[in-house]
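Order of writing sets the chain letters: A, B, C and D. Residues in each chain are counted from 1.
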Amino acid sequence: MGKIKTLADLRKMREKLKSETDLRDKSEHPEDMVQIKVAMATCCIASGSRETMNYIVDELEKRNVDAVVTQTGCMGYCYAEPTVEVTVPGKEPIVFGYVDEKKANEIIERYIKNGELVEGIIPMNYRSIEETK
Amino acid sequence: MSGYKIHLLVCGGTGCKASLSTAVVENLNHEIKTQGLDDFAQVVTTGCFGFCEKGPIVKIIPDNTFYVQVKPEDAREIVEEHIVKGRKVERLLYHDPDKETIVSDSKHMNFYKKQVRIALRNCGVIDPENIDEYIARDGYKALGKVLSEKTPEEAIKLIKDSGLRGRGGGGFSTGMKWELAAKNISDEKYVVCNADEGDPGAFMDRSILEGDPHTVVEAMAICGYSIGSNYGLVYIRAEYPLAIERLKTAIKQARDYGLLGNNILGTGFKFDIELRYGAGAFVCGEETALIHSMEGSRGEPTMKPPFPSDSGYLGKPTTVNNVETFANIPVIINKGAAWFSSIGSEKAKGTKVFALAGKINNVGLIEVPMGITLREVIFEIGGGIKNGKKFKAVQTGGPSGGCLTEKHLDTPIDYDNLIAAGSMMGSGGMVVMDEDDCMVDVAKFFLDFTVEESCGKCAPCRIGNKRLHEILEKITKGNGTPEDITRLINLGTVIKDTSLCGLGQSSPNPVLATINNFMDEYTAHIEDKKCPAGVCKALMKYEIVDENCVGCTACARACPVGAITGERKEIHHIDTSLCIKCGACIDRCKFNAVIIK
Amino acid sequence: MSNIKVELKKPDVDKIKEICKSFNNQPGELINVLHKTQHTFGYLPAEVQEVVARELNVSVAKVYGVVTFYSFFSMIPKGKYPISVCTGTACYVRGAENVLDEFKKNLKIEVGETTGDGMFSISCLRCVGACGLAPVVMVGEKTYGRVAPEMVSDIIKEYTNQK
Amino acid sequence: MEKVKLTIDNKTVEVEKGTTIYKAAKTIGIDIPVLCYMDLGDLNIENKPGGCRMCSVEVQGRRNLAPSCATDVFDGMVVNTHSMRVLNARRVVMELILSDHPKDCLVCPKSGNCELQSLANKLGIREIPNQDIAEMSTYRKDFSPSIIRDMDKCIMCRRCETMCNEFQTVGALSAVNRGFMSVVAPAFEMDLEDSVCTYCGQCVAVCPTGALTEVNHTNRLIRDLSNPNKTVIVQTAPAVRAALGEEFGHKPGTLVTGKMVSALKQLGFHHVFDTDFAADLTIMEEGTELLSRLTRHLNGDKSVKLPMLTSCCPGWVNFFESQFTDMLDIPSTARSPQQMFGSIAKTYFADLINIPREDLIVVSIMPCLAKKYECQRDEFKVDGNPDVDYSISTRELAHLIKRANIDFDSLSEEDFDQPLGESTGAGVIFGTTGGVIEAAVRTAYELHTGKTLQDVDFKELRGMDGIRHATIDFDGQPINIGIAHGLGKARQLLEGIRNGTSEFHAIEIMACPGGCIGGGGQPLHHGKFEILQKRMEAIYQEDKNKPLRKSHENPYIIKLYEEFLGKPMSEKAHKLLHTHYVDKSKKIIYIEPKSFEI
């Protein structure tokens, strides 16, 4: 490990490292940011939900969107896997089905960033995944 | 970029380690590997989460799931269920005893709701052995800021303006302390971190050192810059091996990064830190005693003045602050004096870390804003009294403090209010007592501690505390007289009035406070020869209830001194003059025929 | 003072000298030196203190004064399995006293003593900081939490069985 | 110097900044009681641990009471030294101290002369509450040849520790243990005899209670004096006559030589002799040795070590025997005057009066406690019979005189007996720092140069500074002389010799402040320097009064050599008047093979 010789070095280093622990801070205040829950049961993983999740996490970061991506159990819409629930602050949660990378891209760009509605919404008969328990 | 989508934070504090949290980490790592999730999920050993009652704690980020009392064998289920399938392991979640509900994240737990974490900001969040994680969370930013943007005078003024007061007990303004040392002109000055936390039942400093050692390193360097010192010493209890290790690691990492040593951050400022070990003497928490101990002598306090800021370590100007005080410094520098002083009460700014212990549901480490009430701390954060018993008192300030009772529950906690209530802030130990605790016995317990820990230098403390203890012993044996109370009060007052250092000046507090608040218990011991809480053995009487006794002779056979007589199938009898109150008969009797009166 | 007379072999004396030297033979480092020496030898018999005094050029009386001031230093060897009962406040109110009594009764030694076979010694310590587990007992490096008097004989058996 | 104004007991007082309340009060006649406090003034030793809290006073605006001995005054300070809060506190703390102190005052050696006892009396302590349940801290009683440690009586004033470590740098004593069982003791609480103690007695001299006392031989003396089969003779050291009067109410510095002799005769000694005689003899031997070493050295003999150190102080001898064992060949081999006297008494004088040495009891009156040990050394015994049977201190003698109802003041002045009672002024000044070397110079100069000194007063060798040096011109040959009193100062000179920076030819060392006049067996000076100064003046006065002031002119000395010894440094002189030194450092490392290995 090299020495941190100047203040600028320290700042650069901090910026670089921040993402490593950012998650821990963000998760303390999920209500302030976009929350994305990816269903991650065995059935979902089989249909590629892990790839979807990885894609979403990386893309959000690249596009500077403050969001928390968590995983959750099977939402029960196995026909539409991978499924993803998105909660934008101040709005009701919405569940999307068949979320592959392309779909995910669309959700981020259109729904999350611009508030436009995107196709593929699964009709809601519940309020939030957590509360179904 | 950031490789890990999921972080599993596992508490690596002393308490959780004692409950095998190291094995939990190992097993989690193993399971993650088995599942092939190495680049997806990361296990981080962090410092104390504070909720020691329910340790070991495992926290899953980002969904903020808070698992309690996790055993090594639970690792598999956590990984298979939660990490792989995203299903929370319900049986490991916290059960709120009040509402009988399950709370999955710490945010919604009463234990955490009212807490404000400044000194503990990184505890339970970062890996204390990884300087990068500290830097990521604004670590060493404050040092950089002070070195580049502020003169030492400005730095001191900022600390002064924040209203930060010493968290080790005295409550002296930290900024003023720095100013006094800064004003002295000397070829060498020293920054000392007092980590000789000796109060029984207090573990605030240990947790900070274990969970966030870099904050202390950074703060000491800031202090060094402010007062004009290039040399820091941490006086740490030898009984804290984990804290020592982590601090050593932190110092080494800081040196490797050039954040300690010569020409720090290219500013020309030079600072380094060394460790000195305590060796088991409570009195060394007193700053002059601590300095003598660091110089290799008996840890006997000396008269102040001269204060360490004028003549301290090796006779040079020295600033002594405790761990928690230091832990506040970087945040104050980063967020400003106004921000800090907006937290807390009128007279006491910021937060205070307390170690909650004793007969309370949620034993652990908490950080709350000054001015919070005891009721909030004990009943909301602490979850009330264990086993539904009745609250009797809370002991604050360790052996130097006093007992606070029911009537103090709504007093806002700050330095002055606690003193007014006959106790003190101390370093932050809070031991809760319930109806089963005898307050005379508790006073005796603390005196026993001071007698053992008195350095012996001044007569009132050396002999006086011994005599106080003897009188309490006499009372708990049932030989007390009303004059003993007068004697306790007069003796206690004089010891406080004449002792050399803070130890003796406060050692009679537990006695005086319990006499003040629980005179009825003293009277019961003295007049009625009874211990209402049933603690003082000498005042207990074992009796056999005739109706319940079947004459099985079990008790008589169990009695080690032959105090129980009676023929088979006839009612037995205890000769109280022979009885040594060992309790063997109660244990043996299957018919609840032996009772304690 | 212990009556055990100890013969220091040359390697022992050399070891102590080496420790002193690693602290530059500075009298101010006395406590650090004693820590390290005790760590090496397990305790600090008079003869060891004499060597330390000579090396650091301080009086033996001073070294002894320091050793007897700090409870961490011991002049008698501890048992193979040193038992430390935490008697901090939190442990006390949760019944540490009874646990301690049970150990004393079981091993037939007092606090500060070592059993005849050199297996166990009992000491009290003030707060290991594991108050959540009160009452706490440590045997060597191993910590036992929520110890009840009934558990004492089992804990002891754990070690007597291993030998 | 900056001045501050304050009020003490409603009186205004102005003192220098940095003065303590205690000292400020003293300037206006308010004597605040102290117990652990000790101020050795010019010796620069101030013991103020703040331990006894007897001097507590009330300071307006302060939360607790202030120890006046260790609290500095400030401008506008308002002090009350006798409020009821203060009096109550002092009483309670004194009761506490007494509750851990034996109550055998009636038979305590310090009874009547005990600071604790008189303060307890002043504070009106008449009972000790809860004494029935009060545990006492008790320790093993420790008897050594010179000093008895009865630490049950220790009140932890730490004065002895200060003397032993800071002033003397002997390091025999330290505070040990903690809390209620803390006490001042040698390492491992071993016997003083096994420790590095030099028996200088400075600890005894400052102990406020009966914790540290001298081994008392008065009863043995009375027994011997009442034994018709024994001839009991006495020698008195030079410093005794300059201080004994203080015990009888005389001003410090009053010479009581004649009365002392008279009292000793009344006590029944068969012959009253003078150690000063032996001091003259010492000069003959030591002076000759110095000259011989000097001449050989100046002639280029590298095997001769210089400087030569004096050897008449037994505390000093003990010091280098245990702490400077690499330098055992530097001190003069001459025995001390006490031992030279004993040796001559039990040979020459016993022959003279024709009795076997066993029937002759030689007693010495010494200002010193180390002398008690010295006369027991094996080197100074013949077939187990010591040259000096025992030594009693100035204080013990005073006690004995009072005990015998001798009205000291009305005594007539008497002269010492002959032949061992005649002395010159040179012998007298042995009692003060610088005296031995001055006496040696007087003789060595004349013997070396063959000239007669015009002025025998070497003022440059006198004084009270801890370390002094002077160069004396020996007829063209400059001789560098060093002087130290107090073992701490001696250590400094010795370290200079050890690292080769010393340029002295001869050094005089005395273990006690001021030399023997401040010895551990003298009336207590409580660190008051002016008392030592007066005693010193008395010694030089006595020197001046003497018709003969050079040792080699003492007619009885001349006669002794003619009749008995031959020449200085003769074989006989060697046997009787010289000694050797032993390495005592070994004794603290006890290696007893067996048992434990680590």
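By definition in this document, a residue touches a chain if its C-beta (ideal position, glycine included) is under 8 Å from a C-beta of that chain, and two chains touch if they have at least 3 such contacts.
Since the model is a prediction, treat every value here as computed from it, not as a measurement.
Q: Going by the touch criterion stated earlier, list every chain that contacts subunit A and also contacts subunit B.
A: Common neighbours, subunit A/subunit B: none found.
Q: Hey, which chain is the most central one here, using CA centres?
A: Located nearest the centre of all protein C-alpha atoms is chain C.
Q: Counting C-beta pairs in contact, which comes out ahead: B-D or C-D?
A: Counting C-beta pairs in contact, B-D comes out ahead.
Q: By mean C-alpha coordinates, which chain is most distant from subunit A?
A: D
Q: Please report how many Å separate the Cα centroid of subunit C from that of subunit D, as a whole number.
A: Taking the average C-alpha coordinate of subunit C and of subunit D, the gap between them is 43 Å.
Q: Compute the distance, rounded to whole Å, between the mean C-alpha positions of subunit B and subunit D.
A: Distance between chain centres: 53 Å.
Q: Using mean C-alpha positions as chain centres, tell me how far subunit A is from subunit C in Å, no decimals.
A: 54
Q: Between subunit B and subunit C, what is the gap in Å from one C-alpha centre to the other?
A: That gives a centre separation of 23 Å.
Q: What parts of subunit A, by residue number, touch at least two of the other chains?
A: Not one residue in subunit A touches at least two other chains.
Q: Can you list the subunit C residues in contact with two or more other chains?
A: 58, 62, 65, 69, 71 - these are the residues of subunit C that touch more than one other chain.
Q: Using the touch rule from the top of the page, what residues of subunit B touch 2 or more other chains?
A: Answer for subunit B, listing residues that touch two or more other chains: 281, 298, 300, 455.
Q: By the document's touch definition, which label belongs to this structure's chain graph: line, ring, star, complete, or other?
A: Shape of the chain contacts: other, as it matches none of the listed patterns.
Q: Once the touch criterion is applied, which pairs of chains come out as touching?
A: Touching chain pairs, listed by label, come out as A-B, B-C, B-D, C-D.
Q: Spell out the residues on subunit D that touch subunit C in their complex, using ranges where they run on.
A: Residues 165, 170-178, 185-190, 195-196, 588-598.
Q: Subunit B touches which residues of subunit A in the complex?
A: Within the complex, subunit A touches subunit B at residues 1, 3-7, 9-11, 13-14, 17-28, 30, 37-42, 44-45, 50, 53-54, 57-58, 61, 68-74, 130.
Q: Tell me, which parts of subunit D touch subunit B in their complex?
A: It is residues 48-53, 56, 64-65, 67, 70-72, 85, 88-89, 92-93, 96-97, 99-100, 129-130, 133-135, 155-156, 175, 177-182 of subunit D that touch subunit B.
Q: Please name which positions on subunit B make contact with subunit A in the complex.
A: 1-2, 4-7, 9, 40, 61-64, 83-88, 104, 107, 125-126, 132-133, 135-141, 144, 147-148, 256-259, 265-266
Q: Mind listing the subunit B positions that touch subunit C in their complex?
A: For this pair, the touching residues of subunit B are 14-15, 17-19, 52-55, 198-203, 206-207, 238-240, 276-282, 293-300, 314, 355, 357-359, 363-364, 395, 398, 429, 431, 433, 437, 442, 445-446, 449, 455.
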